[in-house]
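Remarks on the structure that follows.
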Amino acid sequence: MSYRPEELLITVIARLLEDDPAVRHVAVGAASPIPGSGVLLARETTGGRPRASIIHGESNNPFTDGAREIFDCAGQGRIDVFFLGGVQIDGEANINLVGTTGAGGYPEIERRFPGSFGSAYMYFVVPKVILFRPEHTRRVFVPKVDFISAPGVSDPGVHRPGGPKFLVTELCLMSFNSDARRFRLESIHPGHSLDEIRDNTGFDFDAADHVPVTPEPEPARLDLLRNKIGKEIGATYPGFAAEVFGIEVEKTERKAS
Amino acid sequence: MSYRPEELLITVIARLLEDDPAVRHVAVGAASPIPGSGVLLARETTGGRPRASIIHGESNNPFTDGAREIFDCAGQGRIDVFFLGGVQIDGEANINLVGTTGAGGYPEIERRFPGSFGSAYMYFVVPKVILFRPEHTRRVFVPKVDFISAPGVSDPGVHRPGGPKFLVTELCLMSFNSDARRFRLESIHPGHSLDEIRDNTGFDFDAADHVPVTPEPEPARLDLLRNKIGKEIGATYPGFAAEVFGIEVEKTERKAS
Amino acid sequence: MNFVNSVDDLAGRVGDGALVAMPPEYSWVSMAMTRALIAKGVRDLHVLCVPIGGMAVDMLVGAGCVGTLEAAAVSLGEAGLAPRFTAAIQDAAIEMRDSTCPAVHAGLQASEKGVPFMPLGGLIGSDIEKYRADWTVVDDPTGRGQGPIVLIPAIRPDFAVFHSPRADRDGNVWIGKRRELMTMAHAARDTLVTVEEVVDDDFLADDTLAAGTLPNLYVSGVAEARAGAWPLALKGSYDADRAEISRYAAEARTEPGFEAYLEGALAAARPDAAE
Amino acid sequence: MNFVNSVDDLAGRVGDGALVAMPPEYSWVSMAMTRALIAKGVRDLHVLCVPIGGMAVDMLVGAGCVGTLEAAAVSLGEAGLAPRFTAAIQDAAIEMRDSTCPAVHAGLQASEKGVPFMPLGGLIGSDIEKYRADWTVVDDPTGRGQGPIVLIPAIRPDFAVFHSPRADRDGNVWIGKRRELMTMAHAARDTLVTVEEVVDDDFLADDTLAAGTLPNLYVSGVAEARAGAWPLALKGSYDADRAEISRYAAEARTEPGFEAYLEGALAAARPDAAE
């Protein structure tokens, strides 16, 4: 059964949630259709185990206490999984969402990106942060980020119940070991190779002698995605649903205030 | 024109608000019909200057952010006047809302009263706190309170934009000087005397050679009270309005949620 | 989702020694849960009044359910002093942690934000602050010379317990402008709610209703209890039954009087009180 | 009470150098006020994005109104990077205070509570914390050995500025579940609101509406501005005009393009956009 690259990534994310019974509540930030689809898929395949909260979503959005609630909720320990990205990510899982700097470093900026959003907090308090950055190049995966929006690891004295656990890219799935401060290659997506990954990664990482291939999306999961999840995620991301699943979603009817 | 003692106290309070242009917003706590009536009267006689907020009131209650809002609002500097009472009040304006203790002091309690409510905070942040305690006896006005729910004065290093400014009792009006840490008799209610006040006060206070008599309620103010304010305060305190003003108030119609 | 069969099932989750947060009388107290907790015979509760207690707390104290009480005040309001609370304090039968309203709110907000403490102005020089060993007075820790300030430690209730007019079919609970209920629920590990009725609606799908709704994310259990706040008021639904509250205030002045009142109150539900 | 004749009157109150708090794009930005502030030629604003900025902030930056910008991020969302913001940062034309969402909320909550600072978890070891000289890292000041924590100083905006579907006849403003607007207003000295319409109602008299209402106690001025969020969405009233936003994103890539866009935007009100 043929599939799109987005569908592969969605199933990779869904498995990370399905396989872990400690995942009871997954929150997804703004503009994250692939993680959002992954969560909704995992909820479906597990019979509803992880609660899915999609910030600013037209549905699956339970927040009624304003923009701070998602952070308060995470601080309360009620969010088990969150997704973060990065303009740059380095081998110690430091993430940079601010931009690239010149040799002098911040505040001098060569190329500015939006900013750190809530990363400097969520990375500390959510137990299982999944780094999601499809573009797998040396531009993204650098030896050392130019600006640390949020550090990958912290000194032992710092209260940090959370941190990075996995990294999902267009080429592979990695895990992160915060004691070793290193990524480890867990599986290589079909059609790609360890050499390709090494060539496109600016930091060293661990890998077993034989790294498994990432399983392709199962027909049953693809079926769910295309016939059920696509419509649901389309309520919040109509453009994404149209492009990836070929679904035109009517805007959800909501009573006006 | 004859008047009831409550009407005298209401007009005494109203004048404290009318005469001070810095009084823009007066908040009144729960179960305070006399201060509440005083504020509404002052609002009427000044053409609407002080905003009146009656906590838990059926009307004049602007709070929509829960039980903490009144305290947050005061902390923001948006409340200019608040009323506090006391089971005991001493000559340094310390107030006790907790109860009387034995010789060993708190936590041993001889006679317990409800507790300190928000006094330990409001006394610090509201610029003009009016102590209101009708019963003027040595049981109330003691040399030293058994328990300090809130102190009358603070050390210079303590951030304290607020504090006690006046004391209204059934016998008199006093002001409080926080530098001198002393009360001063400002006026004696009609029919009472300085000796009577000294006899019934357990602490020393300042008094001029000739202390004025508290003005009686003016007919125009009494008219306003009985014909307009009584009905308004009756929405929140029907029993009080019936007893003092002889007004039977229909419960205000409010749409149910 | 979070529905249970009965108030007794809900009360069954509250074990001895639990820290239970309860709202003030103007904010939807679950008297149904109060009676169920007493009937179950729970012991050694740490009750946190948010921030003021009334008849429910007085009954729990009188019934011997309370070991520690934290409150800014306890009173029956117009019906006078809370008799069993007053007696218990005067007899030193419970541990009392005298607080002040904004300190209770600050402690809950600290838990709501997942921080270990919250600063609060005022308090310094009061005996409330003096006798609270768990509060800390520090010189302005930002080093800006703003003077001493009190740090209130986070209060994390095991349970927030309250009543509401209604929940929707998903267990989202209407709280209206009673935002202290939301803070309580955010701060507490579990939130147990009795409601007048469960309605076939989705409060979160309506932007007007969503504004006053506690999402089921924070709700561990909901049980229907008609007249569940009786004899207290449930604003918007029914007024207080002042005669009943006065009767309580009078009878509970003595321990035998309280016992007799309690027996009657536990025996007779009052399903007609909401009418 | 708090009504003024026009958006320009409202904008007239905002002087050069003022600290202005603005909501994120999903939470009712007043584009009408943004245009009025630009037309008036205000300078050296300290704009606080609560916590994320979008087209309004980008326009203010492009028009030279901003001296200092504090935000967790600035972006046009689906329309891509904010072009004038990006250019201004790369040219070091404005002072940027990079923040993170919960720190902005915490700073406003500190002002809301009248305390000098608020503690916040996380942040330690980030370059955000490193470059914020106004933030303080202290070892657990309660002495409980809970480790270091960041103290965020209170942020007290001179003005909170936003748009809303409606105000009532007394100037009470509907905010629904957009509670950051309430925090902004509590924290700010003055709150200036544009609304689609003023309705002959009393939101506070209805317990359902009161739950989502900012009382006029916190509102300094209200002006009607139809389609006042256009081309952004006003949830519940109208959707975003994506074509217009995309046109802006494209034209504002260059300074001349931005100037041309701005000229058109200030010339043409769009009273029909809400239909």
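Lettered A, B, C and D in written order, each chain numbered from 1.
The working rule: a residue touches a chain if its C-beta (ideal position, glycine included) is under 8 Å from a C-beta of that chain, and two chains touch if they have at least 3 such contacts.
Remember, predicted model here, so these are calculated numbers, not experimental data.
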Any chain in contact with subunit A as well as subunit D: C
B-C or B-D - the one linked by more C-beta pairs in contact: B-C
Centroid-based (C-alpha) most distant chain relative to subunit C: A
Gap in Å, rounded to a whole number, between the CA centres of subunit C and subunit A: 40
Cα-centroid distance, subunit B relative to subunit C, in whole angstrom: 28
CA centroid of subunit C to CA centroid of subunit D, Å: 36
Subunit C, residues touching no fewer than two other chains: 109, 113-115, 120-121, 146, 149, 176-177, 182, 207-208, 210-212, 235-236
Overlap residues in subunit A, where contacts from two or more other chains coincide: 63-65, 71-72, 75, 125, 254, 256-257
Chain contact topology (line, ring, star, complete or other): other
Interchain pairs in contact, sorted by label: A-C, A-D, B-C, B-D, C-D
Subunit C residues within the subunit B interface of the complex: 24, 26-27, 50-52, 71-75, 77-78, 81-82, 85-86, 89-90, 92, 96, 98-103, 105, 109, 120-131, 146-149, 165, 174, 176-183, 212, 235-237, 239
Footprint of subunit A on subunit C - complex, ascending: 111-115, 172, 182, 186-187, 204-208, 210-211, 213-218
Sites on subunit A touched by subunit D in the complex: 30-31, 56, 63-69, 71-72, 75, 97-99, 106-125, 147-151, 154-155, 157-160, 239, 251, 254, 256-257
Residues of subunit C touching subunit D in the complex: 106, 109, 113-121, 136, 138, 140-144, 146, 149, 151, 153, 175-177, 207-212, 235-236
Footprint of subunit C on subunit A - complex, ascending: 25, 51, 53, 61-65, 71-78, 125, 254-257
